[in-house]
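The next block holds one structure in the form of structure tokens; read it before the comments.
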Amino acid sequence: MFALGVSDHVMIAHSFADPFFGPAQRLHGATYAVDLEVRTAALGPHEVVMDIGAMRDLLRAVLAELDYRNLDEHAAFEDRLSTTERVAEHVANRAAERLARLPPGAAPVPGSSVRVVVRESPVAYASFERAV
Amino acid sequence: MFALGVSDHVMIAHSFADPFFGPAQRLHGATYAVDLEVRTAALGPHEVVMDIGAMRDLLRAVLAELDYRNLDEHAAFEDRLSTTERVAEHVANRAAERLARLPPGAAPVPGSSVRVVVRESPVAYASFERAV
Amino acid sequence: MFALGVSDHVMIAHSFADPFFGPAQRLHGATYAVDLEVRTAALGPHEVVMDIGAMRDLLRAVLAELDYRNLDEHAAFEDRLSTTERVAEHVANRAAERLARLPPGAAPVPGSSVRVVVRESPVAYASFERAV
Amino acid sequence: MFALGVSDHVMIAHSFADPFFGPAQRLHGATYAVDLEVRTAALGPHEVVMDIGAMRDLLRAVLAELDYRNLDEHAAFEDRLSTTERVAEHVANRAAERLARLPPGAAPVPGSSVRVVVRESPVAYASFERAV
Amino acid sequence: MFALGVSDHVMIAHSFADPFFGPAQRLHGATYAVDLEVRTAALGPHEVVMDIGAMRDLLRAVLAELDYRNLDEHAAFEDRLSTTERVAEHVANRAAERLARLPPGAAPVPGSSVRVVVRESPVAYASFERAV
Amino acid sequence: MFALGVSDHVMIAHSFADPFFGPAQRLHGATYAVDLEVRTAALGPHEVVMDIGAMRDLLRAVLAELDYRNLDEHAAFEDRLSTTERVAEHVANRAAERLARLPPGAAPVPGSSVRVVVRESPVAYASFERAV
């Protein structure tokens, strides 16, 4: 089993309108350091999981929709809280959609999966993984 | 698959009474940087694996029993060496017990598992994972 | 020359009402990982710069005033932008005030200085240093 | 499930003779920070996955064959590119061979697997895992 | 005293034609993780040392001249070895030149200095600092 | 101004017989991650601060005297507590002695200084600097 991972980050504002979250009910924010990992059983014709530059661009494109935004007003979180778990899920889903649309020569071999880790602070992270 | 992870650390003394361990037979010590990860197939009603503050408190409570201690004299290691592997297993077991005792609204959804990573130095770590 | 450093973090929202800042004019946020360093020419009677637990508590007290807040509405940034440089300056000033008020046995020896480093992302940080 | 991991690094030169790789077709190089992880269902007689000093020596021996080398001229990459994925695979294969040759008392218990993570920069890594 | 720092990296090949360097006489390479820090006594009109985006672009422009290159054939190292110290010096000199050419509104206030840290592996780095 | 830095670590036990230290009066321990930095105004004949392999060996030799030891019984701390500040001072002093004894071709140029940073946990460190 092979994997390839790339890293980037976003800076967002949000709040959690649920008393469960205590002080995080207030408007605050986060730097999310994001790792995107693609896992495949085999390498493609160029002996890589996929082009690493293309993978960094793909992650940037997904994150650009969130960067410097207030997630309380973001379409992706209209019907859900932007918890770190949900942000990881959102990034993984968007990344999987983009990976699935890549032409055969550029995409990972069939059967790949993705894992997204979102680190919100030096002491906390959430992750989500799914098939592509 | 979702996961949520938190980090903390302890500072302990210990020794390994087995010639297999060479210089580590002498009384020495370690700072253990500990990650606790909880994995679940789905999020709970608050759209998180569990409350991250509660999870940090849970890890602290487990680690407080070890912190600033000589593990050679600790009840948890009476019948076993406090190798990094055993420390990871101990922390995972204690965390799983505490997670299993949480009330339904506060606990991860049924079927969760835990993974504990114990980093003993910049170049070495051990981990243990199990079902909750 | 001795130094002692401790680390903590805060999660805040803010925006920069100045076209100079491009997309950071929008409401966004940050996790600020903060290092507080105290530098002294000599150690005190207990052979430390100061009690490390007291220093962590001091940094936490300073950061608690910012944590889970929108800095656009914070009294400390009424007449200034909450740029990372200004946040570092604010934390250093507040820390220096608290250090100056410590009783002789608990404070660093006279002539100490502080340096605060505020890391806003994996690729950017600001710092500020001053005398206590 | 237990795991034990150790870290080391190598500094190599290489190039990728395939237009797919853009500027990486030119002769360049990398510092590869390498993690070797051994996973086992149970600990051995000494309550560890294996001796951590022996594991660091094993990883060093595998990496020494690559260190300060131009991989374009290395026997291990005669018929393949030395992409980060291939380097991870090579290190895992060599480590697995060496683990399989250890005497019973020194080897991990039967049924173990290895995972090698090769970090090529602060924003990119590849990994490979296989049975021992 | 304020400082602002940004990070980036390059991947290069080189060799050291001097028996002093042992195995590093062979063609090898490195990933250099580079921090550029600008220090000033005061902030500019926008309450920052300088625009952080402009500073990241400036560092990228300096590093682009080295990236994916064999430094043995690079004009900047024709008359000197590309030791990590020399690479730090080169990056600091080029960065200082570019900072000195910035228009008044975009440049740090007069009297600033730069420090460049070049990390070549998890266990080694070199740095160089100078006035702008 | 140039600097060269290398990293290593030690694992020690100790206790602080002074009520000032609260729970750290108990026998405990630490992994100390140690950075040794040598600063010089100019490079030597080989265009480096000093040979990096020799510098790593020097740091290892200094740390080997502490590794896997109980510092309560160590000759270096007979008349002083082994606080992190004192450990940094001890390592810097021993490193400076060894640097001063190097033959002219191997030593840093005259006028160099050393800085030692000792990281005791993810949230705390101490440092000491002095002339060679």
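Note that the chains take the letters A, B, C, D, E and F in the order they are written out, and that residue 1 is the start of every chain.
Quick note on the criterion: a residue touches a chain if its C-beta (ideal position, glycine included) is under 8 Å from a C-beta of that chain, and two chains touch if they have at least 3 such contacts.
Just so we're clear, the structure is a prediction, and the values are computed from it rather than from any experiment.
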Minimum number of chain-to-chain contact steps, chain B to chain C: 2
Per Cα centroids, the chain farthest from chain A: F
Fitted rotation between chain A and its twin chain E in degrees, CA, nearest 5: 180
Chain A and chain B, separation of their C-alpha mean positions in angstrom: 27
Euclidean distance of C-alpha centroids - chain B vs chain E, Å: 41
Shared-contact residues (touching 2 or more other chains) in chain C: 7, 122-123
Interface residues, chain A side, partner chain D - complex: 1-8, 43, 46-49, 51-53, 56
Chain C contact footprint on chain F (complex, rising order): 18, 20-22, 80-81, 83-86, 88-89, 122-130
Residue ranges of chain C in contact with chain A within the complex: 7, 9, 11-14, 23-24, 26-33, 67-70, 120-123
